[in-house]
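Both of the next two complexes hold chain A, though its partner changes from chain B to chain C.
The block that comes next holds the complex of A and B.
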């Protein structure tokens, strides 16, 4: 019996050490793929940064179909990956079922809140970042009319639109913000043709800066803006390089920071809802060599000032999703 | 609505109607020959991918166009093989091609370019740029007619003009040539054509190949004319709207033009006026988006009367029993 216990103990110790050595973090990319120039690519960038800085290894899975979600999460959890980070709200339901089965694994979901003891939910204050790019749009606009083109008409996208409109009005109360949604089905994320037509329609109504929060449709919006020689604003990742000199800035959602932090925190990371806003560099605007000439010093000062005021609470940006309405439009 | 706005809406109508029109004429050739083709969507998608990919690699929109036509014709031949040679069900073959194109394009695009199932953005000669017709600038100062010429008629990519020219060309081929007569006969009464000693299989294959070419141009227009590259599912149901337009037009080329322009106009209006106010009642954008479909049903049911498809449509031809 004693012998038996010793053996068991040794086996358990082995198992634990094996588990520890295997505890590489993992990241699961959603359907867009890790090189989508946007959301998933940002997550990939964060994971890559972590790997370069620490010399560590991580595992990754790219979703190829809806049906793989649960399988992917279970496989990673069972093979000892910890923590497991997934990008996109679409994992919400699956994670809610999978997480209780692996209480020792930490999960991180981005853009969705999942209420489980071993899950960290990372959400972003998109309205704050949109407010800042709205200010820049109003300052860059000569006609006083700016545009917004959203993807699928869901509250999250309204949140972008509402923050943007508030930013525009804070600079120029008389400005007109023309808002269009591409559609009401998921196809609206991938219809650049419609994005182009919407942009052209907005341009003919006087718009000279357009902000696209529309996934793949946004590629069309930025294209049409560059073709017609007006300014555009990208979203999620830094999209300034897509049309150098034609993209005013990009509203960055620092998904890379969320992934990087999760990887750095490692197994047993702090769970609960983690809100990433201006105060912790979760959102922001992009300036690089592609748009340096477009962003004037005056613009930058004003935006940075407003950013500080939002952080301190002096300016309150209304969150559309808090009451499903927007004070300005 | 002032005059410049009207011009802009009509301009947008023309751009939106072009892929519909090409796909509609493609379906017209195929269905007039008795081969129902619900794979217009899939062929356009495959052509859009092939043209986007090859234009990106070669840097030439013309090579892209050729590749797009090639991809579309391949799928057409597959449809022909399944439904003409092996006498399979045309609808099932069409559905299969739609699924095949939706999956294969993204898979190959991901494998070649690793950009999440899209092709790299096209620059410069990789796209069909707008063509300015002669005298467009000089004439633009003439009131009314000037803007119509310089903004509405001039300034489209060459494929738009190709699509418009295809309408009289289709009419001429189908109704004024021997080939057209035989093609129509094969869709109405293949046995009679066979009795006259003409190959039914050959004619039907010719029809599906023409269908493939036109779908190829439509797809290439989407990826290299209207936009700058391929993205997943970029046809977004246009192939099915083209089918509706085809029924609406009762399988006739000129009416196909009118139907596609009407659908294009409705889409342009929906894009321009997302929340239309008519006498104080706000019309939601969802209603505007469904208008083409509602209109098809209403007009078919009430105004144009019965749309009778070619009699032998959907039936594989069996020489002897």
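The block that comes next holds the complex of A and C.
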């Protein structure tokens, strides 16, 4: 199907102008895979949305190993893809070296800051969004014990956990937040079985709302939560539809918007650091028909109020990555 | 054993196995609605059709030579070292520590020091399972597998808490000094005025890998220690009777094996990434098992098998870059090659043996 699209796109481009297909955008997915129902899939969604709306054509590649990063970026840049969007902090170092060699190509990196004149760095205030879903978790919890399941134990995921814990404590200072990380290797991003195990272990400790920030592993967390009849919170993409009525909400990290905007801006896009937070809808919580009954009016009012206060600076949510520590846990 | 001439054993059987694996791979590609001929063309074009392609093919080959030799040496002592992955990770840590915290005047000196660091860390990581095997009878397959996980955990800890530069979100060490950059094929060609790619791919460590092949051959077939290792592998009781200490041979064979696996890090960590990242081994420790199996644990076989897997790796990367053939399919192709050349070896070998027997009678 993708091949078909490439052919059709190439044919269309040839019909319009011979050079047009040369500036097709490209997206590079990090280890973990395109269809993780989460981070990478959000990026894919943004690229697809752009393709459907503009009828354009784009190139995509999934990373399989560390050594492929440089190769993929250089190959895409040399074959004329522009802009080249990549998901994940792990590209940071490589991009820093590759970008100066291709000054005419625009690069966009998500989740990392790379200081080069032709690079746009998109970073998200995940702690703010996590704070809001933490509040919702505390309000929805009957046991006063909520859970957090992270993917790989890295500072970025601790940032999610820290924001979440702060949100929980802001509603119920006596609440217990049980935190687990899936693993210490990149495999932790794609281990639904381990996600199920950890969720069941947390349930046995009294958890009745669990927040998964674990890429593909989160699919298992949400599954186990639905099976055991507790609430779960999805991440990155809107995952409410995975188990209607069982997923309290999803902490939306609009990676899709970042990719879509980059593709729309096209070659020569404005570079620099883009911080996507609550103020510019870069993060937020998801409400749709699948979880409308779970989100009470009171919950919504409180969360929206907190959101406004975070934007205005009245509530300061601590960012774990600013000092590698968390005031609450 | 001697039913077949040697050339049939070392060339014909692997080639037929390989052909079968590729034929089935072609069927799989057909089944998902893609053109296998086009796929093979792309793989060849992408891996050996350009200087860049060769660069990456040989880069992967370098990794597989080291891990393949590592597994081979242990095989000769009938020790199944599945821990190449962990030993190579630890080797990476050794290389990184040597290059990050000690000053070196020139890349040649730095490379030598990094080799010592990588080999020492890899060897030490193999020492504990070896000692447990020799002294306590804890099976080396189990312990080396478990040590892979411990290595991953240790590396993650070191990168997340100790080696990560302050303020970075990426669990990776700082860059090594640019003065330690190893000359790569691409940089050498560029210096010679030949248009080449700019990637950090194959580098001088490829030559060290070739040298390692020679040294392993000398060790195994031209020294007393090599003879003892092979004797121990053939029959432990006979070796003991001949005065060979099982403890000594187990430990030494595993130290050499772990050291070779650790040496791989000079290619990935010092040569390519120029810093220590998580998952720098990229599964090469496990591919080394297939390489050793396919190469019949002989350095020349290991070299050829490593080249084949380098080709599959790089060709596979190109395939997933330029077609919609899912990257997982490359894993299927690699798995089929391993299955046919390793596990199903007898399937090919026995009919051929029968054929040669018939020919001899006839």
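Things worth noting here:
The rule we apply is simple: the second predicted complex is superposed on the first by the 304 of 329 C-alpha atoms of A that agree within 3 Å, B and C clash if a C-alpha of one lies under 4 Å from a C-alpha of the other, contacts with A are read in each partner's own complex, and residues count from 1 in each chain.
In this section, a residue touches a chain if its C-beta (ideal position, glycine included) is under 8 Å from a C-beta of that chain, and two chains touch if they have at least 3 such contacts.
Fair warning: this is a prediction, and the values are worked out from it, not measured in the lab.
In the superposition on chain A, A:90 makes contact with chain C only, while chain B stays out of contact range. Of the two partner chains, chain B and chain C are each touched by A:184.
In the superposition on chain A, A:171 contacts neither chain B nor chain C.
Applying the stated contact rule after C-alpha superposition, one finds that A:216 touches chain B and leaves chain C untouched.
In the superposed pair of complexes, A:140 makes contact with neither chain B nor chain C. Touch criterion not met for A:149: it reaches neither chain B nor chain C. When the two complexes are overlaid on their common chain A, residue A:68 makes contact with chain C while staying clear of chain B. When the two complexes are overlaid on their common chain A, residue A:193 makes contact with chain B while staying clear of chain C. Once the two complexes are overlaid on chain A, the chain A residues touched by chain B in the first and by chain C in the second are 184. Chain A makes touch with chain C in their complex at residues 1-3, 6, 31, 61-62, 64-68, 70-72, 74-75, 89-90, 92-93, 101, 111-112, 152-156, 184-186, 321.
Taken together, the chain C residues at the contact with chain A in this complex read 34, 52, 56, 59-60, 152-153, 156-157, 160, 167, 169-172, 175, 197-201, 268, 272-273, 275, 277-280, 282-283, 313, 316-317, 320-321, 323-324, 327, 330. Residues of chain B that touch chain A in their complex: 4-5, 8, 12, 15-16, 110, 114-118, 121, 222, 226-229, 231-234, 236-237, 267-268, 271-272, 274, 285-286, 289. Those residues of chain A lying in contact with chain B across their complex are 32-37, 40-41, 180-181, 183-184, 187, 190-194, 196-198, 200-201, 204, 216, 219-220, 223, 242.
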